[in-house]
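First the structure, which I've put down as structure tokens, then a few questions once you've had a look.
So that you can tell them apart, the chains are marked A, B, C, D and E in the order they are listed, and the count of residues begins at 1 in each.
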Amino acid sequence: MSEAVQTLEGWFALHDFRRIDWRHWIQASREERRNMREAFHTLVAQWENIEAEKRGSTALYTVVGQKADLVMIHLRPTLEDLEATERAFDLSAFAAVTQPAYSYVSVVELSNYTTKPGTDPSDDPAVQSRLKPILPKTAHVCFYPMNKRREGVDNWYMLDMEQRRTMMRSHGEIGRRYAGKVTQIITGSVGLDDWEWGVTLFADDPITFKKLVYEMRFDEVSARFGEFGRFFVGNRLSRDRIDVWLPE
Amino acid sequence: MSEAVQTLEGWFALHDFRRIDWRHWIQASREERRNMREAFHTLVAQWENIEAEKRGSTALYTVVGQKADLVMIHLRPTLEDLEATERAFDLSAFAAVTQPAYSYVSVVELSNYTTKPGTDPSDDPAVQSRLKPILPKTAHVCFYPMNKRREGVDNWYMLDMEQRRTMMRSHGEIGRRYAGKVTQIITGSVGLDDWEWGVTLFADDPITFKKLVYEMRFDEVSARFGEFGRFFVGNRLSRDRIDVWLPE
Amino acid sequence: MSEAVQTLEGWFALHDFRRIDWRHWIQASREERRNMREAFHTLVAQWENIEAEKRGSTALYTVVGQKADLVMIHLRPTLEDLEATERAFDLSAFAAVTQPAYSYVSVVELSNYTTKPGTDPSDDPAVQSRLKPILPKTAHVCFYPMNKRREGVDNWYMLDMEQRRTMMRSHGEIGRRYAGKVTQIITGSVGLDDWEWGVTLFADDPITFKKLVYEMRFDEVSARFGEFGRFFVGNRLSRDRIDVWLPE
Amino acid sequence: MSEAVQTLEGWFALHDFRRIDWRHWIQASREERRNMREAFHTLVAQWENIEAEKRGSTALYTVVGQKADLVMIHLRPTLEDLEATERAFDLSAFAAVTQPAYSYVSVVELSNYTTKPGTDPSDDPAVQSRLKPILPKTAHVCFYPMNKRREGVDNWYMLDMEQRRTMMRSHGEIGRRYAGKVTQIITGSVGLDDWEWGVTLFADDPITFKKLVYEMRFDEVSARFGEFGRFFVGNRLSRDRIDVWLPE
Amino acid sequence: MSEAVQTLEGWFALHDFRRIDWRHWIQASREERRNMREAFHTLVAQWENIEAEKRGSTALYTVVGQKADLVMIHLRPTLEDLEATERAFDLSAFAAVTQPAYSYVSVVELSNYTTKPGTDPSDDPAVQSRLKPILPKTAHVCFYPMNKRREGVDNWYMLDMEQRRTMMRSHGEIGRRYAGKVTQIITGSVGLDDWEWGVTLFADDPITFKKLVYEMRFDEVSARFGEFGRFFVGNRLSRDRIDVWLPE
């Protein structure tokens, strides 16, 4: 048996994608629209409060294309917190014009492929802030789930630790070339959802998502072992933009 | 032909996942909501009674994310009992706000990979209680179906018994390291549902699901031969929590 | 080109799976429910009459889990008969509470892998009764469609007749060990539906479905060449049980 | 690069599968049913007229099982003609009881695998009538889409022309043994729909679909290179049968 | 790690496929139909204006078969522009008779496989007009997404740059033989949508789609490495044709 990598876990994550029923929205009365919008503002204010108190973090983006219209990315300390957050949305007046589109349950993860042996990363405040991160406010977001392949000779889990570590380092170097342009949050979902990891990228220029993911695809760890799910791309939904996005 | 492993079967299992139509819930009158909630309480009381009399066992969890909102895991002596349990739910007033999300039909299974040759496990009271288990009341549950792969050189069913037994022992040792943290119920579904097995894990700390499944993935039996379906994770729905979960 | 096996065909088969809209059922008036139930009884009486006159056979089972609630397995002399049977159901009052769930079109098939060369099986009354069988009345049914694999070295259709015959004989021997416990109806669906065969198993003890299918999976013909679709399992719906199943 | 086969193209084809909402049908008033049926008769008369004038051809079959209830196979000179035909149906009163089930866009195709070098098949009136065929009026139809495989050593498009020609000849010989029993229309759909070809078979005895497709599966070109989509099988819907099929 | 190809990016692209609910259309009042049609005309006029001012380009086609009825191909400078365009459609009166069918988010891309080393293609006005193209007004369109395969020995991303360049050149030569007959727009979607590229072909004769895609399939880069998604084919929807397409 290959040695398993050790991981550190932080906040749990729910990527909650919803579609808006725009027909329903424009057929509602002006007063109903105001009530629904107000209900959404109330939720957003609660989420901002939680973030200000460092009890979690929430990022809001609208999604381009038909896969979804809105994604709410919630980081919270427990699965119970995630369920309560999801349920508060479902029971709000705004939810009446939304439909589920996709969701992903995972937990912020750091692996020891890139840490120095002999150190205890859990002592490190920088590590702690990466495990319980405040999500960036960039103009764009990209999300996709992924697996490491286990097929014939391309079986990641049959490689020994040293081979995996070498490949992951090379992979990390590509990522570091995008430092300052892209912030990456890796969440692990083995045992929690259908893929092994979720990747959430934050950037002001969406072309950097394409450049980063494409460059990495030529790296052996992605070329031979990467299996990818659906890709979602979005535009930031700031407090100010909500009233434009949900017109009276 | 490879020698087939011998199995012992116990109670049949139905994992019954449902979505709640929250819009319908909040649009119902307060009286309708009370009636629906009361109908669910009545079912739960019946299931608790069955468990108290050791005529079966039922575990209730709410599910995080959009795949489902509720899972009812029913163990019962016969397929007829399972159908009756499913039908009683369908015909209850509460079912009016629920929709089917996923289900899995299987039967509690023990295999002889890990039993001593020459002993008859059916004599053993410990074996009997594993075949007809009372489901744990842990804070969290994880469920996923799985197959053993049959592709090219990675064909589990073409291995001889000794190779399979050796790998399954190594696999079991990982599981035993999680003893006390995770309770695992294996149910077989060959000939009953779309995958070969269902795996149901119970734990108070959901990170142990991730650690256990991830560590096992580096074990040859999973790395080369494990094929996995959807993963569901949930929070315990105790009697007390029902009134919070279904607010007036 | 490998020599194709010769087959004999009998009655055409329609496996017609339906879901019941239980919410609709309980919201209907008592009189509507009586009318719908009566309409189903009328159809069942017609099917029993056809079976009594050996102009076909119909088996009725309720299905456990969410895949379906009812399966009607119809054997009839022609595709036109099958369509007429399906349509009579669709146009009945009972159909108003049902929804399509899955269906399978095939034809009862016997192959010459196991027949003696030089004999003409179509002369044999035993063969004729296997081609136009009256379906058993066992307590349980199991249905699944399947293919023979055609991938790389595991390509069934590139094997020569003798190799295939040897493997099919070994396969048949497992089946014969279950004689008396399981009745198996093989229907061919090449050119008729999405898989190559349908397998319908009848038994009083549903554990025998699991034992039989699992044991066969270790046989080379399944281990290397078997590809399986969805599995459905059901409980017999006798005339007497209909009024319990569809409560007033 | 392997030499591409040259093809001749004729009429465009739309296989338009629809489900009938039988509940809607029986709940409509007798007058509505008459109007809907009349609307369908009007369309059928127009299609017969087009066929009589050799401006296209249309075949109508009812489909057995739940995949669809009706298939309209339209051959027309242009894609604009196909769209107009589809739209006239959608805008008819009959369409109100139908739902889309599946469709396939392709074009009648002849390949030069089987033509003599040095001849120009486009001069040949027999070739022209195969490119713009009047569809047969057989009792049954079978439709399925297919690809040639491109996987590892089983990559059809990496074979040289001579290998492909040899295999296609052998394949054609099987087909010729069914001459008089089955009429086969091959339509190409590379660049037009999701598979590379559509195969439409016409026969009076549906067992010949099974025999032909099964025998071909043992031929190397199918055994190693054939990938198949869904199979649909139907019964002829003549003018006379419409009033039986759509009862008052 | 293989050297990644360098790419230039231009306008972002949204392929927005919709179905028309024709039943809803014919059941609306004449006045409602006029209002809906007028709303669509207003949108089209806005899109034409944007194109005239070179702030983007939009192509409109009706789609043959059941996959969709309409495709709007929008090229715009930013993802925010694409979202605004999509939303303006959703909030229009015409959207009330449409349903989402499929969408694709990508960005116009040129790669350096075919550019001369040492030149800077971004200086070139011809390159700029290919990155921000005005979409052709041909009679027909074809769209499909695609990947380069990463399986066993057929792993595009493990080839070195020179191998990839050689194959892409050969591929480009086939394309050039169709110059004047087909205009091809390649859009990259790594990190933006589920496939790596979108291919949009414009031609007056739809048979050229079939000939081009089929001929390319025999080229090694497609034969061994091409993986294709769904294919959509359409007929041009000019301003004049809208009133015919949406009849009063």
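Before moving on, here are some points about what is shown:
Definition applied: contacts are C-beta pairs under 8 Å (C-beta built on N, C-alpha and C of every residue); 3 or more make two chains touch, one makes a residue touch a chain.
Remember, it's a predicted structure, so these values are computed and weren't measured experimentally.
Graph distance from subunit B to subunit C, where chains that touch are one step apart, equals 1. The minimal number of chain-to-chain contact steps leading from subunit D to subunit E is 1. For the copy pair subunit C and subunit E, the superposing rotation over Cα atoms measures out at 145 degrees to the nearest 5.
Residue numbering at the subunit C/subunit D interface overlaps only partly, since under half of the positions present are found in both copies.
Between subunit A and subunit B the centroid-to-centroid distance comes to 28 Å (mean Cα coordinates, whole Å).
Taking the mean of the C-alpha atoms as each chain's centre, subunit B and subunit D sit 46 Å apart. Counting partner chains per residue, subunit B shows two or more touched chains at residues 151-152.
In terms of which chains touch, the assembly is arranged as a closed ring, every chain touching its two neighbours and no others.
Ring order, beginning with subunit C and continuing to subunit D: C, D, E, A, B.
The touching residues of subunit D, when paired with subunit C in their complex, are 22-23, 25-26, 62, 64-67, 140, 142, 144, 151-154, 170, 201, 206-207, 209-215, 217-220, 222-224, 226, 230-231, 233, 235, 245, 247. By the touch criterion stated above, subunit E contacts subunit A in their complex at residues 1-4, 7, 9, 12, 14, 16, 79-80, 82-83, 86-87, 90-91, 95-96, 100-105, 107, 150-152, 155, 157-158, 188-194, 196.
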